[in-house]
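Following are the structures in question.
Next come two complexes built around chain A: one with chain B, the other with chain C.
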Partner chain A sequence: MTRQKRSHHKLKRAIAPYLYLSPALLIIGLLMLLPMVTVIGYSFQNSAVLRRDPSFAGLKHYQAIFADPVFWASLWHTLYFTCMSVVFHMTIGMVFALMLNSDRINPTLRNILRVLYILPWLFTAVIIAVIWRLLLEPNGVVNSVLMQMGIIGSKVEWFSSTATALHAVTFANIWAGYPLFMVSLLAGLQGIPKDFYEAADIDGAKAYQKLIFITIPQLMPIIISISLLDFIWTMQVFPLIWITTGGGPIYSTEVLSTYTYKLAFSSYNLSQASASAVVILLISLGLTLFYIRYQKAR
Partner chain B sequence: MMFRIQPAMLKIAAAAWLLGATSAMAADTTLEFTQWWEPELPSGSLRAIMNDFEAANPGIKVTLVSGPYATTRDQISVGAATGTLSDVVGLDGAWVNNLNAQGALADMNPMMDASGFDKTQVADIIKVDGKAVMFPVASFVYPVFVNLDLAAQAGVTKLPSTRAEFLEAAKKMTHADKNQYGWVLPLSLQSPSGVQNDLMSWVWASGQSMMADGKPALEAKPVVDMLTFVKSLNDAGVISPGIATKTEQEKVEEFVNNRVGMMIDSLAHVNLIRERNPKLNFDIIPVPVVENYNGKRGLPYASWGIGISASSKHQEEAWKLVQYLMSEKVNAKLVSLANAFPGNVNAKPDFVTSDKAFAKAFEIFKSGYLANEFTGLPVAEDLMTQFDVQAQKMLAGEQSPEEAAASAQKGWMAKF
Partner chain C sequence: MAEVILENICKTYGNSFRAIDQLNLSVKDGEFLILVGPSGCGKSTALRMIAGLEDITSGSLRIGGIDVVDMPPKDRDIAMVFQSYALYPHMTVFENIAFSMRLAGKPKAERKKRVDEIAKTLQLTSLLDSKPANLSGGQRQRVAMGRAMVREPAAFLMDEPLSNLDAKLRVQMRAEITSLQKQLGVTTIYVTHDQIEAMTMGDRVAVLKGGVLQQVDTPKRLYESPVNAFVAGFIGSPSMNLFEATLTGDELTSGTFAVRLQDAAFVRRPALRSYAGRKVVFGVRPEDLYDSSLESGRKYQTIPAKVTSIEELGSEHIVHLSIDAVRVDSGDPDAVDDFGLASNAVARFEPISAVHSGSEIRVAVDDAKFHFFDPETHLAI
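Here is the complex of A and B:
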């Protein structure tokens, strides 16, 4: 084989993997990278989208949103909503997964519970929002039950009061999202070898000791992975908040997604909306990098 | 079996090809008409009107691009930005300022002049910077609906005509222990149209304005008085709870279910209300006014507007379609289907003779004037959102009506 032929062959071998990847790369480029880059570009333009010849704005729109107190309130609400949701998703998911994995529960009852517990996952965000709006409205079932039990003295406007709205909407999201953890942890529980528990029994370990020293460490990779994914997804929740409260009352449930939406479709300020979207992207990107590093480390 | 091409078949094919070719040479002009009306009208009815238009205007075809309101709004925003707006577009008055700023809407003044269009026949022409950019084709007015049974039970014998009478009637109709309230106010930030329909309507009804010399005048007496009045209703506990997240649909539901005595709502909901509760005994009255006001009453309204794209290559044909929809008979037909009031002042929809409620509303419509000052304002929805937030703060006891008005004025001025 001549030297030229050898180098040609080498080149072909080097290119081949990229050719195989090219359809996927093309799709990712068109459907993900291009919109992202476009939005980043909009955030540096004046009157983006609305004018055919937008001028360069530099960091003006970023300065504007960072100077807006509603943006910082939205960021705080987003963090509260996300952290509370993830913690409770994990806790409830773990409790229910342990319950469904337990031999002490009758198999028929376990199957019924399995269906019941997974129900919230089957509803779309719109349905969940409507259900909770009906349940938590001032004349709704929740107030009626709590008043009959003597827990509250008068009707609470759960979604309409600044004191309760953020907690109420977080509660609805917790209800909607725990099945992801439950299903993932249940799968993890079923994969833990029985020998570990048998050995623990021989050593005289108590139930809580088995939970702390066997179950949780065995589930830790799943817990961390799902928590990170849940954190990223919950941070971007929009329909549930939009339909239940619209970001109100006043700005008490304004989160980054509703803040961005209002900038884009209520104020038609697509440049600032893009800047806000880029901030969300950066936060999500940070978490994603963390997630990837964690996965690599494993 | 062998398939043989017969000479006759060849002739037919040749004739068909020729027919196709000649008709392609004398190609029809196809107008694209984007709107949200078709899904809201009885099935096939808007297409039937377009078919009549095509029959009356040979050589012009109309393609309807239809979708829900919100989708249409987004589609029009994008079309305006990219220069791909349909030839004829359905418009909401709240959009026209933005679309005009983008140079997306054609000025219909020259078209009206060139065709000798009688401007007195239309109820309103929406102008921005002197350009005629929109005609309201159909108007949905917002009177007060009163539950007559609740009113009778509460001893309200005379339906309210002034704000003071309204407050009294609302107090009498309120029985919080039975989940029954005098009035319902939807101020959800998800759709802040409650500011326009349920708050500012009180200002316009008394012939007042929220503007002065083309600028916001929210700190002036009319708006502050309105806020003070609404606060007094709230303080009296006559407004159904959940104001800050209540939507228009929920408002109607509460009225239908006998949970509120009075609401300001679109006349377009009359049939819906009857469907949901056939036994509901209700009447329609104009929005009550300030004491001693005897002038003409402004009627809040939402409209199906129409305009022509500035980038349309068929503006002449597009104007023919607009004229057709605004003509007396066609307009009457369209608004009869939509249960709306006409954009042509001479048009008389069917339902005003066949239905008592509509007949009464039509009288209110005839004796007043259409008033919606948000039409044509920049970022109208954003202005409503800002006012909504300040009104919510006021109702939550965080600020006075004067402070709410001042904060809203400051926010609005930044947008002008």
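Here is the complex of A and C:
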């Protein structure tokens, strides 16, 4: 082989991996990076999209949304909605996973429960929203059952009252999202060697000590990974809230995604909407970096 | 320290499979008893029943004079070393060893003092802050021992603790466990499928097959006087050669050869006379077969054989032979057919032996060392 041929061969080998990656990179660039950069650009322009020659606005739109009390309310609602969802997804997912992993439950019942518990995962956000709107409407099943049990005295307007709307959408989201934790934790539980528990039995560990000293530390990598992903995904939830409450009543369920959507498509203030979207992007990016660093550390 | 007594212990699973059948075993205070047998013989099940990790279907189990059948594992005053070691990967060596003390709510200072003592005995002091993933196989094994020792139990139960180690380390750990057991004097029940471990480590060895106890004895007696063909074939490596033969007067005939038995054989086993004119199973260990061309083999009778292959180990030659006799299966499910169908006997020759593969030779047999078994029951005669 001549020197020229050899260097040509080397070049081909060096380029090959990038050629394989190029279709995916092209799609990501066109469908993700380009819109992202465009939106960042819009957030620094006056009358973005609406005018042919928008002027540079500097940080004006950021100042405007930071001065808007609805933005701060949305941020607080987003954090409440996200934190409660993640904590309860994890707690319920863990309880159900422990139940499904237990030898004490009859195997047939366990299989039935496995299907039942995973059901919420099969529904799309729209179906979940419709189900919960029907269940929680003033004349719905939930009110009727609670009244019959004597827990509430009169019909509660779950999605229409400022006192209950945020809790109601959070509840619906918790119901919809726990199966991810349940399935992941169940897989993790099934991977914990039985010997660990037997050794602990001999050492005199009680059930709660086995949970604290063996199960949870063994599941910790899964708990952290799934919690971070769930946090990132839940922060961006839009359809469930949009279909159930639309962010109302009186902004009581307004979250960053609905706030941004309204700015863009109700007020047609696309510049401020872009600034709000960039804030969401930065929060998500922070969490994603944290997630990547955690994964690398493992 | 305590005596462990098993009386008529049975274990039947839901599908009516009987894993252990009427197991009677008495382990003396401070004794090192080995439970040995082929895969699936029930030895681990028996150990787990003693530990309380498996329910006992029927029978009685006493540890230190106390009936523990209905007691949970933690109350049985035992410690167990698992085959996988069962070390918690998220805990350090110190935390692993101190785990039972932590559960028992022992003060930190007491835990540290005790773990330090054990670490010193097991040469783990410098590794106390390490996680199990950073330890070698031998070190992990020692940590598992440390975790068992920290409880100062009445009995140690060990479930094939050396099976995950390489051959060289296994030899070293074998010696370490044996000397540690002697030093601590704790009653120990040790499960293994490796008969070399069984022969070298225990005070006594219990051989199990199909959930039934075959023989409990000292390694020497087990080797010299097996109660049946299974024990004869299972104990010893390479295994005892077992053949079918016909006893005619004082002559044992098989295929094209005959071996005259000395009177001593009948004096030692009067029942052998009753097999005259009948079939009998005779066994001969590989070390009781000699190269007839060497000095050591000159005084014995010889039988014809063909050498099929030779393993030269330096200190000895393991010679695979084809002898004109019907080989008898000892009933060991783990036994590997000897180099296919070509060979039916194994001999252990001195390294100066010049036999080579494919040669027709005469093999000297020490008939005084023959073992005899009933062809139907396989029980020793």
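As a convention for this text, the second predicted complex is superposed on the first by the 278 of 298 C-alpha atoms of A that agree within 3 Å, B and C clash if a C-alpha of one lies under 4 Å from a C-alpha of the other, contacts with A are read in each partner's own complex, and residues count from 1 in each chain.
Definition applied: a residue touches a chain if its C-beta (ideal position, glycine included) is under 8 Å from a C-beta of that chain, and two chains touch if they have at least 3 such contacts.
Treat the numbers as computed from the prediction; the structure is a model and nothing was measured.
Placing chain B and chain C on a common chain A by superposition gives a fit, with no clash between them.
Of the two partner chains, chain C is the only one touched by A:Gln218; chain B is not. Of the two partner chains placed around the shared chain by superposition, neither chain B nor chain C is touched by A:Leu122. Counting the residues of chain A touched by each of chain B and chain C gives the higher count for B.
Residue contacts after overlaying the shared chain place A:Phe196 against chain C, while chain B stays out of touching range. Taking the C-alpha centre of chain A as the apex, the lines running to the C-alpha centres of chain B and chain C meet at 150 degrees, rounded to a multiple of 10. In the superposition on chain A, A:Ala297 makes contact with neither chain B nor chain C.
Once chain A of one complex is fitted onto chain A of the other, the partner contacts of A:Pro249 are limited to chain B, with no touch recorded for chain C. Least inter-chain distance for chain B and chain C in the combined superposition, rounded to the nearest angstrom, is 50, based on C-alpha atoms.
No residue of chain A lies in contact with both chain B in one complex and chain C in the other.
Chain A makes touch with chain B in their complex at residues 49-52, 133, 137-139, 155, 157, 159-162, 165, 242-251, 262, 265-268. Residues of chain C that touch chain A in their complex: 51-53, 72-74, 78-80, 82, 84, 86, 88-91, 99-100, 103-104, 147, 151. Listing the residues of chain B that touch chain A in their complex gives 74, 77-78, 80-81, 83, 98, 101-102, 179, 188-192, 241-246, 259, 379, 381-382, 385, 388-389, 392-393, 396, 398. Touching chain C in their complex are the following residues of chain A: 193, 195-196, 198-205, 209, 213-214, 217-218, 220.
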